[in-house]
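In this document, chain identifiers A, B, C, D, E and F correspond to the written order of the chains, with residue numbering beginning at 1 in each.
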Amino acid sequence: MRRAIYPGSFDPITNGHLDILSRALRIFDEVVLAVARNENKAPLFTQEERVALNLAAIRDLPGHERVRVGCFHGLLVDYALTEQAATIIRGLRAVSDFEFELQLALMNRKLRSDIDTIFLMPKDNYTYLSSSLVKEIARLGGDVADFVPPCAQQALQTKLRQPRP
Amino acid sequence: MRRAIYPGSFDPITNGHLDILSRALRIFDEVVLAVARNENKAPLFTQEERVALNLAAIRDLPGHERVRVGCFHGLLVDYALTEQAATIIRGLRAVSDFEFELQLALMNRKLRSDIDTIFLMPKDNYTYLSSSLVKEIARLGGDVADFVPPCAQQALQTKLRQPRP
Amino acid sequence: MRRAIYPGSFDPITNGHLDILSRALRIFDEVVLAVARNENKAPLFTQEERVALNLAAIRDLPGHERVRVGCFHGLLVDYALTEQAATIIRGLRAVSDFEFELQLALMNRKLRSDIDTIFLMPKDNYTYLSSSLVKEIARLGGDVADFVPPCAQQALQTKLRQPRP
Amino acid sequence: MRRAIYPGSFDPITNGHLDILSRALRIFDEVVLAVARNENKAPLFTQEERVALNLAAIRDLPGHERVRVGCFHGLLVDYALTEQAATIIRGLRAVSDFEFELQLALMNRKLRSDIDTIFLMPKDNYTYLSSSLVKEIARLGGDVADFVPPCAQQALQTKLRQPRP
Amino acid sequence: MRRAIYPGSFDPITNGHLDILSRALRIFDEVVLAVARNENKAPLFTQEERVALNLAAIRDLPGHERVRVGCFHGLLVDYALTEQAATIIRGLRAVSDFEFELQLALMNRKLRSDIDTIFLMPKDNYTYLSSSLVKEIARLGGDVADFVPPCAQQALQTKLRQPRP
Amino acid sequence: MRRAIYPGSFDPITNGHLDILSRALRIFDEVVLAVARNENKAPLFTQEERVALNLAAIRDLPGHERVRVGCFHGLLVDYALTEQAATIIRGLRAVSDFEFELQLALMNRKLRSDIDTIFLMPKDNYTYLSSSLVKEIARLGGDVADFVPPCAQQALQTKLRQPRP
């Protein structure tokens, strides 16, 4: 059984993430969608909310029965080991992505040489998509229906209407 | 009548911005210099102060009678529509600029397909210039007379002498 | 009257070129589609053939009456001057494009400071498109109908069936 | 059965290629090492020689019984289809690699949407390695024993001692 | 006497920094390891702690008697002048580094034209190394013994065990 | 005595090269301006002509008595060893430069670990300058007086008037 892990902040999950996930499911038997806690980044949604959104978002995805949504704190490679996943999946959109991802991948390889990272490309019209851009647009009152699954769209509206603590 | 919008934080306006503006005035009948509120970025100057600085900075610019200084909050494409500007102007200095700008431009095109973005290059010796670098130098006591118009230089001195709230 | 020049090898013209041209026509009163001779690059089509393909390709483009197809040998800025075009238009797809284009634009500005270059972005799903990639695919027997206008598709087939001199 | 294709010029195969191949074998059941004809690039070794070198190079690679060395002319996606490989493997070393690879991958996806490309990173000390650099060093009399498998080293010596036709 | 200055946050010093320093010592008679205050970046270690770590880290470095550890606040070029250093040394790892460093170097040259910046490359397997990545790994409980000198490793453990103010 | 080597094609030498050379002379006691044969690149000037042009170009450069013009065929690191130069100097203009230069520098370090490469930046208004662009402009009849020393300008005119063999 080939299991891969697809880690991220998913704050919130976008259609670009779902696209990468679908592609990963063609290659691997199982994919763990792993939500990082990422306290440093001051996420808009709590880790629990992000896990719930991911669960809702994949409900209609073909192959979703081979996806498990998990969450972790600590080193990604340690979590991958616990989950018996030998491959880390990352999406690549732009050159700046690429450099940072390369640095992370090399570091993770150094930390545990038996876990490898592979990169997948999202659909070309998701090139401009990022969770932060989506949040910015929602915050300014723009329509994000084309960018995120319905559950995330609703969650953004609810969250941004209420004042942040 | 061809109207373009040149949006930015302008915190504060630099000689690089003025150079791009001059070039835009050769192509368009009117250019709206649009100051974004950008609360997230914790600007040094308030939006009002930045509008005032922009007004002062363009006073001696050839063609300044065809520049209007505005300010906006919300989506740039909505503001462009209000101002009846079909073109967004952005300056390009470096590769990192380029990627972020491309992402923004594609997103804006997705949000409103009838508004396009064009990129202009500043003079080669403004390549290193950015508002943040100018603020950093002023904060450390350096001389910024070569980098910003006189009004911005004075404003930086006044602002940085007084303790930030 | 605002006239711009859109120079290139156009060997052959692609849907990406036509997309940039359409966007330029929204900003300028007239656009000169300027075919460079480019002997050094050993083009597949002669300069005359490329001019003819460009003429055929724009026939159904909205605003084509404001496009003039020209050709030049020598410095682009000299040709722009002859054509009374004060703006050079270039498409930007990727970072590698960007760097080379920046170098060219700075050099052209140095050669003639009153002519400026602006950059436009093609549609996101034309990001991967280039004349050389299209030629390569056609050469290997692939279908290029989605990438070039019908006239260029036909010309590629005819040209590649006959042995190159 | 999960089969992937790892295409390239392999002119000649380097330790960097072998490193990528080993990583691919951890993910896929079978990998087809596919030697492109690449007449345009004027390769140093003929396609037959390159196939032979690849066969010799993988002899001692763990998992080599799951590697098949093939060769193709024409579109890569067509060859992948013939080989029933749904995934294309490419190594990523640098930003310039990345952009070109992205363009190719998007084009291949456009040509056949059911075939996807994944990117793997070689070991960090193979970052500087490329077939062309290895050929250049061998041509200038340098020692390439650290960069290519023994068979390729020998072949380079033999080939470069004899005058090119 | 040729003196150079190697400025940075050094929060904390890594093996990559020490590698660059060793290379600089082959070229210059003296190198000033200059710790910037960097209040804006909210460093993990105080400037005093970072100076102390640098002193401890270089103790066993060949040529350490030609290194002086200093600290500065204000413009780097002013400090370089005080230290009579005509050359600024910076390490280059990746493209994103490169762009930012280029901008800084051009700005510093503008501020004082008699001080030049040179760039050195760390060992290839330090490409992925950065102080922030090291801090992140230590924070998540990972082992950083391969990335920083022993004194920095110990300091990270002590600092991260105690709650941040 | 600190000796560095500044290698290149110098086909022909430009003001950008001279600028880098001047900066190198502030750091090193002696600089060897090393003209590579570069048969593969089909240079416009023979190696002998390029050596002669370099000699003429540096005649009025302050510090020229500390420059030696040499030429080499074979591996750069071998030539550096012969010349007892422990440092290779390279100019950096753009990101694409950077990647290729990094690859070369890592390879050279691998070939001989006691020779290091340092990178210098030319003046900002030489960013767009390259020998190939200068040749292209001269070929098209443009004026290159601002880009190359007078001897190179004259040599370009003479060379380009006579038909290439």
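Here is the rule we go by: a contact is a pair of C-beta atoms (placed from the backbone, for glycine too) under 8 Å apart; a residue touches a chain by one contact, two chains touch by 3 or more.
Owing to the predicted nature of the structure, the values given are computational and were not obtained by experimental measurement.
Shared contact partners of subunit D and subunit E, listed by label: A, F. Contact tally for B-C versus A-C: the pair with more C-beta pairs in contact is B-C.
Distances between chain centres, each the mean of the C-alpha atoms, put E farthest from subunit C.
Both copies, subunit B and subunit F, contribute mostly matching positions to the interface they share, with over half of the numbers common to the two. Across the assembly, the mean Cα position most removed from that of subunit B is the one of D. Superposing the C-alpha atoms of subunit C onto those of subunit F requires a rotation of 120 degrees, given to the nearest 5. The distance from the centre of subunit E to the centre of subunit F, each centre being the mean of the chain's C-alpha atoms, comes to 31 Å.
Annotation for subunit F: residues touching 2 or more other chains are 95-96, 99, 102, 106, 124, 127-128. Chain pairs that touch one another, listed by label: A-B, A-C, A-D, A-E, B-C, B-E, B-F, C-D, C-F, D-E, D-F, E-F.
Taken in their complex, subunit A has these residues touching subunit D: 2, 23, 26-27, 86-87, 92, 95, 98-99, 102, 105-106, 109, 116-121, 124. Touching subunit A in their complex are the following residues of subunit B: 40, 73-75, 78, 95-96, 99-100, 102-104, 106-107, 110-111. The touching residues of subunit F, counted against subunit C in their complex, run 94-96, 127-130, 133, 136-137, 140-143, 146. By the touch criterion stated above, subunit E contacts subunit D in their complex at residues 95, 124-125, 127-128.
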